[in-house]
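Input: structures, listed below.
You will see two complexes here that share subunit A, one where it goes with subunit B and one where it goes with subunit C.
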Partner chain A sequence: MAATSIKNLKEFSTSNDRFEGAHTLCPGCAHSMIVRELMNCTDDNLVIATNTGCLEVSTAVYPFTSWDTSWIHIGFENAATAAAGAEAMYKARKRKGSLKDNDAPVKFVAFGGDGSTYDIGFQWLSGAVERGHDFTYICLDNENYANTGGQRSSATPIGATTTTAQAGSHSYGKKEKKKDMIAIMAAHGAPYVAQLAPNKWKSMAKGFQKALETEGPCFINTVSACCTEWKFDPKDTIGITDLATDSLIFPIYEIIDGHELNILYRPKNVIKVEDYLAAQGRYKHLFKPEYKHIIELIQKDVDDKWNMLQRREEARI
Partner chain B sequence: MQHLKLLANDNRGLNELENGTGLVGWNEVTQGSILPSFEGDATNIAHLKSEERTYSGYNSYTATVASWRVLKPVYNRDICIDCQNCWVWCPDSSILSRDKQMLGIDYDHCKGCSVCVEVCPTNPKSLIMFSEQTLLEDALTQWPEKKKKEDK
Partner chain C sequence: MAEKYDLQEREVWDGNFAASQALRQAQVDVVAAYPITPSTPIVENYGSYVANGYIDGEFVMVESEHGAMSGCVGASAAGGRVATATSSQGFALMTEVLYQASGMRLPIVLTVVNRALASPLNVRGDHSDMYLGRDSGWIQLDCFNAQEAYDMTLCAFKIGENHDVRLPVMVHQDGFITSHTAQNVYPLRDEVAYGFVGEFKPVDDMLDFSRPVTYGAQTEEDWHFEHKARQHKALMDSRSIIDDVLAQFKEISGREYKRVESYMMEDAEVAIVALGTTVETCIVAARELRKEEGIKAGVVAPRCFRPFPFDKIRDALGNVKAIACLDRSSPGGAMGALFNEVSAAIYTTDARPLVTNFVYGLGGRDFSIAEAKRIFKEQKAHADAGKITTDIQQFSGLRGPHLGFFQTKRS
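Let's look at the complex of A and B:
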């Protein structure tokens, strides 16, 4: 593994981009920050598959590609399967010695949004992880189907308004809670599972390098703030992500071999979830008196989850 | 300030599109087609800087999104501390850094989101948004003074 140096930002800035500009993601989109960081944190050859979603449609507008690596898109649901298939073929050919360069290090990566990861490609991802392929799956979690106009997914949190779970006089938006995908993937016994965020660039790069280094299937959920559907000014992508990690609505942690839980970021000043919600248009309605109890409910869930994570870390279970 | 030939001009790559050299229409693309990101051998790409690469006309690096911008970031070398915050968080790979130094902005790929301005830690900022038509020289003469710490 030829990891690039991530000792500090100056060192990291000497790495070479393999994710190119003039893709058509929205200005301020966190997807590209995350993808670019993954590609910059290694020198190894990369074989990347991508599910249908914002990332896919915006980086492969014919006749252009933004990928300086082998890259494939097949369908909405099957980046995990495509990466797994490529990995299986690579292993077989390596065994036979029929690769162009049998010693070149290659890493297999799959990207999907939360729609394709939590919902549509869930079975395919589960299968690829269960089969134990040596690949890293990265979910760019912006908590909705942003590419098709902001429909709710099972990653959309309770209380957020979406085009298919709209807030109004009789509704506070989505009624159901977010699916805990990290716990589900850890329950597969995957050797490395984590939740990471681009505002904490170093823990994110470390997590990426760890996942690429680890043999076997790894899953990483990344917080990808979406200015268009979360409704905030594009300039604030990192600021909103700071609020997300510092309010602990998106705790940063890893789970190794399905049981060893490590918290990777402990905010010095934990802020109220309210501050995170207030910064986004999709939660505006929650500040009406009739829906304020939902904010309390979200805060309670966040506190309970944080307690659980801390206790699991302590107990090493 | 620019020693490297890094900035693309607005027409690169689009020639292939307009003249149609080697390009077939979307409906005629056959199964198993590949768009090569580079001309020739690309084995060593992870070790090459963009100025050392031979991008093909299919690489979005050769395209531009400059027309998306209403405001553009202007860079002031005199205040910059080369922290590379802007480099790591620019969503459009548009901060040009070489040898741990910030060199400037790639205006062909910058969409004017202003993330770089927000994450710049200096006082005053080393990156500030100006209207697209402002000349860089003029922008530099309009730089704000250092802000005093507000009393709490």
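Let's look at the complex of A and C:
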């Protein structure tokens, strides 16, 4: 595999640029940072499938395309299967020798939002991973259906307000906790599973490279801060993501072969979850006195999860 | 290299086996599939050809029919030959992706073993799945027996993959009556069949990185209409290519097919228009009625259901006095689709024959030669009276009291 060297950000950000800056994602959207990083971390040929969502509607509006590589979008739920189908065809054609260039390495990648990954496309993803296709699935997790105006998904955390789980005079927003997709995908026996964040760009690029190098299905959940629906200033995307990783609400870690857990980032100064929540409009209502217990609950869950991850890392289970 | 498969000049195959042999001979690269009665054996057989080295392809057994068609789309865009099979609920689950496949102009071949749609759940043959696909932008070929299921599947690849067509193709056969009934089938030799279908020549190949392609773009009111219009035009324009392919097929097989099949129509006074195995039932009925009662009965059957052969149907029926259109799908509060389309076609003639609609055979209810004769005779009565003397839409073969709707206003 031809991995791009990742010495410094400036150099890296201009390497092998196959994702054009001309797209219609919101200014400050983290989706494009993550996608560019994936495409810049390898020189191999890429076939990219993308589920319906902000990324797709903003990057392939006919007659334009931002994708300077093979790209396909079928529907909201089936990018994993589109990649799997293409990968199956690649195998068949490579054996027959009918490819234009039979020796050049090809990598198959699928992108999905949390809506298509955690909810509607869950079955397609699960099936493709179970079948062992050689591809990498990257979830752009902004914890809501952003493309359709900010509805809840099963990745939306407890306490956040969305248009379909609203905070109001009788409600603190979403009542249910976020689904643990990383654990679910690790339980599939996927050889490489990770949660990564674009503010920690080196570990993200390394994680992407590992996933692309690994034979078999890999799953990566990426933290994708959404200024529009999380309600923060577009210039603060990386700052908010720093708060996310430093409060440990989004811990950065990998799980190899379903059991070998490695924490990839340990904040020097762990900040309170409250500071992360306070920076976003979607949690504003939680700062009313009657919802203090929800903030406490979120903090407790974050602490418990962090302890669990550390124990698992130590125990290698 | 694939192992040699021994074929006799005459085989005894059911429709499923016949279709799967066509997939083998066409050397399909990827089959992504999900099992459902009665189409399951088609993909099981492909799987066994792969497992035993008769074909060098990838068999991807996915987790649903939606996934099956999604995998087919990904595989087809990656520049090789793709096919799958389904029925009924599986077809319904695929529907979203059927539109996406045709919108992306991917020449996937889908063998559909027609079966009723639930509820109530039913595994037997009717045409409700076939009708569900009729606006999906696919070419739809219809078969009346196992030989045709084999022949049309081979033709489907050659039609859909033609660079002037580039459309997906469904090949329909009736659940159980065709799919599970062993019949004589005369296969082509492997080299002849493959020579006919030809090597797959990709267009906009996702695995050709010298020329990156974007599949499945977004279009809104500025461009969507033009895309859809072009797709419709491609379907309309495929008619002459379908004719060519059928003509070429005749040359190698001796078997002649047309987009509209006509039987005993030269002097027919009354006709039945039908699809699937019912066509053969009606042919027998017409032949017997001609002998027994001197009724000049004929049968017309769209071999190609989409693109709908509007002009050929009109030409085939232009000289008859009364027509019965048989719809094997519950019309859900309307006249049957075949009735509507045939009526529209013959409305453009001066003669404007009398047309009635029969809904029949739902959920595999048997349709007998006797019933076909009764329907022919009713048409004869209309012809003699010069007007429709029954309800315009009737249910044929239903238990309990007669069910019918609408009367003619023509005097």
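Quick notes on this structure:
As a working rule, the second predicted complex is superposed on the first by the 313 of 317 C-alpha atoms of A that agree within 3 Å, B and C clash if a C-alpha of one lies under 4 Å from a C-alpha of the other, contacts with A are read in each partner's own complex, and residues count from 1 in each chain.
Note that in this section contacts are C-beta pairs under 8 Å (C-beta built on N, C-alpha and C of every residue); 3 or more make two chains touch, one makes a residue touch a chain.
In this text, all values refer to a predicted model and were calculated from it rather than measured experimentally.
Superposition of the two structures on subunit A leads subunit B and subunit C into a clash. Look at A:D301: by the touch rule set out above, it reaches neither subunit B nor subunit C. In the superposition on chain A, A:K10 makes contact with subunit B only, while subunit C stays out of contact range.
Of the two partner chains placed around the shared chain by superposition, subunit B and subunit C are both touched by A:D68.
In the superposition on chain A, A:A22 makes contact with subunit B only, while subunit C stays out of contact range. When the two complexes are overlaid on their common chain A, residue A:G127 makes contact with subunit C while staying clear of subunit B.
In the superposed pair of complexes, A:D180 makes contact with neither subunit B nor subunit C. By the touch criterion defined above, A:E274 reaches neither subunit B nor subunit C. Stretch 221-229 of subunit C is the one among 113-121, 149-157, 167-175 or 221-229 that clashes with subunit B after the shared chain A is superposed. Counting contacts by the rule stated earlier, residues 45, 61-63, 65, 67-69, 101, 104 of subunit A appear in both its interface with subunit B and its interface with subunit C.
Against subunit B, the residues of subunit A that register as touching in their complex are 2, 9-14, 16-25, 27-33, 36-37, 42-45, 59, 61-69, 101, 104, 198, 201, 234-239.
If you check the complex, the residues on subunit B that touch subunit A are 13, 16-17, 23, 26, 29, 35, 37-38, 42-43, 45-50, 57-65, 68, 82-85, 87-94, 97, 99-100, 106, 108-115, 117-119. Residue ranges of subunit A in contact with subunit C, taken from their complex: 45, 47, 49, 56-57, 60-63, 65, 67-75, 77-78, 81-93, 95-96, 98-101, 104, 106, 123-124, 126-127, 130-131. Those residues of subunit C lying in contact with subunit A across their complex are 29-30, 32, 56-58, 60-64, 66-67, 70-80, 82, 96-97, 100, 104, 200, 205-210, 212-220, 223, 227.
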